[in-house]
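Please read through the structure below; I'll follow up with questions.
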Amino acid sequence: MDLAKALSRLRRSLWVFHLNTGSCNGCDIEVLDALTPYFDVERFGIKLVASPRHADVALLTGPITAKTLPKVVKALQAMPRPRLVVAIGACAVGGGIWFDSYSVLGGFPQLERLLRGLGIEIDGVVYVPGCPARPEAIIYGITTLLGVTQQRIRKRVRSASG
Amino acid sequence: MDPILVLASILLTLALVAMPPLIDGVERKVRASIQSRIGPPIIQTWLDLMKLLAKEIKLPESSELAALTALLSVVISVALLCCLAVFTAVRMVSVGAALAIVMLIASLHGLSLLTACTTANPFAAVGSFRRVALTIVNEAGLLLSIALALYSIQISSRSLVPLAISAAMLAISGFANSGRLPYDLHEAEPELASGTVIELSGPLLAAEIYSHLAERMALTALPMYVLFAALAKNLVVRCLGFLAGSIGLWLVFAVTSTVLGRSRVDLAIRSLGAVYASMAIAWTGAVLLC
Amino acid sequence: MSFIKILGVALSRGRATIRYPLEPPLITPYFRGRIEIDPSKCVGCGACARICPPKAIEIVEQGDKLAIRYFVGRCIFCAMCFDVCPQSAIEVTKDFELASLTLEDLYDEVVHSRRRCSVCGEPYLTTKLVDRVLQSIAPELRERLEMCPRCRRESVMKVIARARIRYAEPVEGG
Amino acid sequence: MLRRDQVIDVLKREMSDSVLEISELRSATIVSVDPRSLPRVSIALVALGARLRMMVASDERPWRACFSLYYIYAFDREGTNIIIHAPLDPDRPTAPSIVDLVRAVDWYELEARDLLGIEFEGRPPAPRFILPDDWPEGVYPLRKDVSVEQLRALYKPSPLEEARLLGAEEIVRIPIGPYHPALHEPEYFELYVRGEKVVGARYVGFMVHRGIEKLGESMKYDQVPFIAERICGICGFVHSTSYCQAVEDALGIEVPERAEFIRSLILEIERVHSHLLWFGVALHLLGYDTGFMHVWRIRERVMWLAELLTGSRKTYGLNVVGGVRRDIDRDRLDKARQVVKELRKEFAELVKITIDVPQVRARLRGTGYLSPGEAQVFAVVGPTARGSGIDIDVRKDFPYAGYKRIRPRVAVYSEGDNLARTLVRVDEVFESLDLIERFIDEMPGGAIRAEKIEYEPYRIGIGSVEAPRGEVIHMVITGSRTPYRWRVRAPTYQNLIAVPTMLRGVDLADAPLTIASIDPCFSCTDRAIVINVATGASRSVSLREIVRRRR
């Protein structure tokens, strides 16, 4: 299987699977909103599918609660490669307001470490901050992942005394 | 055989084989504009298929048969399109031709049931059982309307009304058979599953999608084949009329399914039964009157 | 059959889609996006870090340096930090295009130098904060502000102890 | 008319031996009773027509050396709250179960058992569903002697699934995943089906347990509204309002009227967006995607309006204890009025069209039936109750915020099917649009936040709000710097119990819509973990078995 070829074809046809890992629904309704007339992601060839077997991208929302973790791992494992992940919202990116709770894993970075241990490769990740991430932000995240738009934000370290 | 007929058959077959994903793209665009949005580019379905071909195949355990059934269904659906194209080009309207078409359609449905069983997914199974339940009613309707159409052609010199009624009936059974709203019951529960193909991935899924679209094309083209093969004597008019009619009917179907919701198995069977019965009565009336 | 009218609705409303990112987003002037810390105004007092509900702003102490670290990935865009900042160093922008391919790029640090305690030499508050406070308080209190909290406590305790002895003396003597 | 004192009289007269103490709160009366007399007290209250709003269990050993149970009963018509408080033994907390008498208490008891280790006598032993299967024995997260840090050290989530006693994986096998039919929420109903008919159902959920109540007990008073808002991303403002009202109730804070009007205004905007969202999703579940798209198209205006008024499309971040953070100027209020006007027209047109679609009509009418009697027994709330002819609405029964001055008209339908619940919501959208206009017109001037707030420990307050899904109720026991105990009860928590009843006899195809017809919000409910075991009485066959047999 030619990963590079498949990845380049994803640029014009992207099927997404919505993976809620215990989010508050805020990002989830914005994901759904992105499908509706005002934002209409279908114009990019993006389609929401019901089975991870059909999906190219998992739209991951939520901080990954203990109870969903095994199911999330299984769903990601079921996706055929190349498989991408869009971590949507403060919870999926950094654990959100509950990052230090006892019953959550605390976002996709932690999950990625676990996945690596289990031998499940992810071929691309984009982090979309927001609480909830607005539909435009989700669109921007996906286009950034596909290389259509450029990432704007960069790490900054500035001195206060200067 | 006349070489021009051979050429026409080949061209028509190629057009029919290449068209389904393209018209599906148009259908998606039409649906989008009814929903006040832009929608995907017209070649989107082709792009989707190309992408799926490049993806990894992930098979659930003990479902090696799925690969076989997926390929087989592509072969059968292409054969189906082939039959329609050739029969139209050479103006072959007979009981034998009708039987060949019905057999091919029935075997496609049988195959999708087999695919669902190989994947052992409960939703795939529910989906295919529903499809079978609906198919039993539909196949009866299809057979009936083809029989009525064949008879109407024979009496078409007397009156065209019976032929029109039977063609409409054929179109309705084609619409119900093509897995569009409100009759896409095999999709099981909307978000829990995508019906019989739920466990397939990559090229296998592409094969299933293509064969599904090809079957849709065949079902749409069926009433056009009956009409044009029976009535149009000129080869060019016949072939182009057949093609244009099929595309037009496809778009009518697209708009119809966009303004309707999904039916339920019992409702669907009841409503379809009522439609077939009343149309058969109307046809009988028309035959008796002319 | 009035459900057919949906076609009329579609026709009369036309296309609703905004071609973002080609067209501007559907955003109001009141939208709260990423916060921007002005390093020239920030004194590193840490009020923002204390109020931040998801702890997206943290104080990181590393030796002589103290960093106000803002992790936009965990930010909930509530603007509580904007409300509490005594220096008005925090601005709420309308920036929502924050998608990043790496986690690293979601961090924004404002680094302060820390003042060393005049007694034990341990770093404590930021130089800027101490300087700012030094300007505004009475000269006799300045000395104490130049100490770290521990040394200040000790010096205060010493004063209190001394006072108590002085206060106790006449009682015992009498 | 039943008055608070009459109820107290009855309690005093009939069980003088077991009533320990009676004290008055701002919005309720607390009656402390001997735990052993709980069944008798419950019977007496239910006989008088009380409805169980919530039960709160709390570890009060550091405060008054006991565990406590608070049963909050309401007499809706009179707007009276009676809290039955039962102090339990600090070392071996046990209480008699009243689930046989008050059906609605089922989940509360299970939750108290699992999160606080309180034993309820007379319940059949149920397996633990609270917290993940591999959660350590004897650790109760809501007890005060264990901190969040300790819990994190004790338990690490495991990526590999443990075998489930329930056989939950029997029906839906990954890779479909137990994802919500409407919103892809991780929730899971086990359906028992014969042919196409559902003969029983069981909710296997609490996938979204994020430990909110525990976290809230370590946050400052003004930080809690933000976590409360994130209990639910659809109706979050309801939770932050409810929390703030509970604290204000406990401490006797007077909220300026303008702040109350702003709260009500935003609550109604949230209701409109939530109901439009639900209506769209319901149409989508019926396969009518065109309707879904158009409903969401007009909903986008509401989202835009919410952002204009509050600065965020969702999770508005407006509430703080004692009022609201930001004022809304005249200019924006005028724009809101404009949006409301357009919306009313467009929505009326769309409702007419969508309800007329043959499949939508046929599949809404008569499906998912819940009789008024059953609705009462399960103590369901919100549109689920109002669709079954029960006329309750917090805005009317326990007026709060702006509803003290402006009373809403309440839509009630008695059919009890999916259509009735849909129509209740449709009517409520129109009513909310009217209310928004009235709140804008009659908005008083003045301050938007109470001036000085002093936090005193160990005061009890309750705050309740009519959310789009029904009654939300929060109870707060104050601490000196953070809330001591904060209990949240979302409407779905009450309504889910009724779903298996509604599903019985429904076609498999209509099951997702029926589940969705209570407008479930699992993230609200799952801040704690519970399971309901209410399977069909008849011989139940799992879907997968059917598949196997037919093959």
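A, B, C and D label the chains in the order they appear, each numbered from 1.
By definition in this document, contacts are C-beta pairs under 8 Å (C-beta built on N, C-alpha and C of every residue); 3 or more make two chains touch, one makes a residue touch a chain.
Note that this is a predicted model, so its numbers are computed, not measured.
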| item | value |
| --- | --- |
| Winner on C-beta contact pairs when A-D is weighed against B-D | A-D |
| Centroid-based (C-alpha) most distant chain relative to chain A | B |
| Centre-to-centre distance between chain C and chain A (centres being mean Cα positions), rounded to whole Å | 29 |
| Separation of mean Cα positions, chain D and chain B [Å, integer] | 47 |
| Separation of chain A from chain B, taking each centre as the mean of its C-alpha atoms, in whole Å | 37 |
| Chain B: positions in contact with at least two other chains | 34-38, 190-193, 198-199, 259-260 |
| Chain A residues counted as touching two or more neighbouring chains | 36-38, 40, 43, 50-51, 53, 78, 96-97, 100, 131, 134 |
| Chain C, residues touching no fewer than two other chains | 3, 6, 10, 13, 15-17, 19, 26-27, 53-54, 76-77 |
| Pairwise touch network: line, ring, star, complete, or other | complete |
| Residue ranges of chain D touching chain B (in the complex, touch as defined) | 171-173, 175-176, 179-182, 184, 196, 283-291, 293-294, 297, 357-360, 362-363, 507-512, 543-544, 547, 550-551 |
| Footprint of chain A on chain C - complex, ascending | 15-21, 25-27, 34, 39-40, 42-44, 53-56, 67-68, 71-77, 96-113, 126-128 |
| Complex contacts: residues of chain D adjacent to chain A | 131-132, 141, 148, 151-152, 154-155, 157-162, 174-180, 183-186, 206-212, 214-215, 226-227, 230-234, 236, 277, 280, 292-294, 296-297, 299-300, 303, 313-315, 521, 523, 526, 529 |
| Residue ranges of chain B touching chain C (in the complex, touch as defined) | 33-38, 255, 259-260 |
| Partner chain D, residues of chain C touching it in the complex | 1-3, 5-6, 9-10, 13, 16, 26-28, 30-32, 51, 53-54, 76-80, 83 |
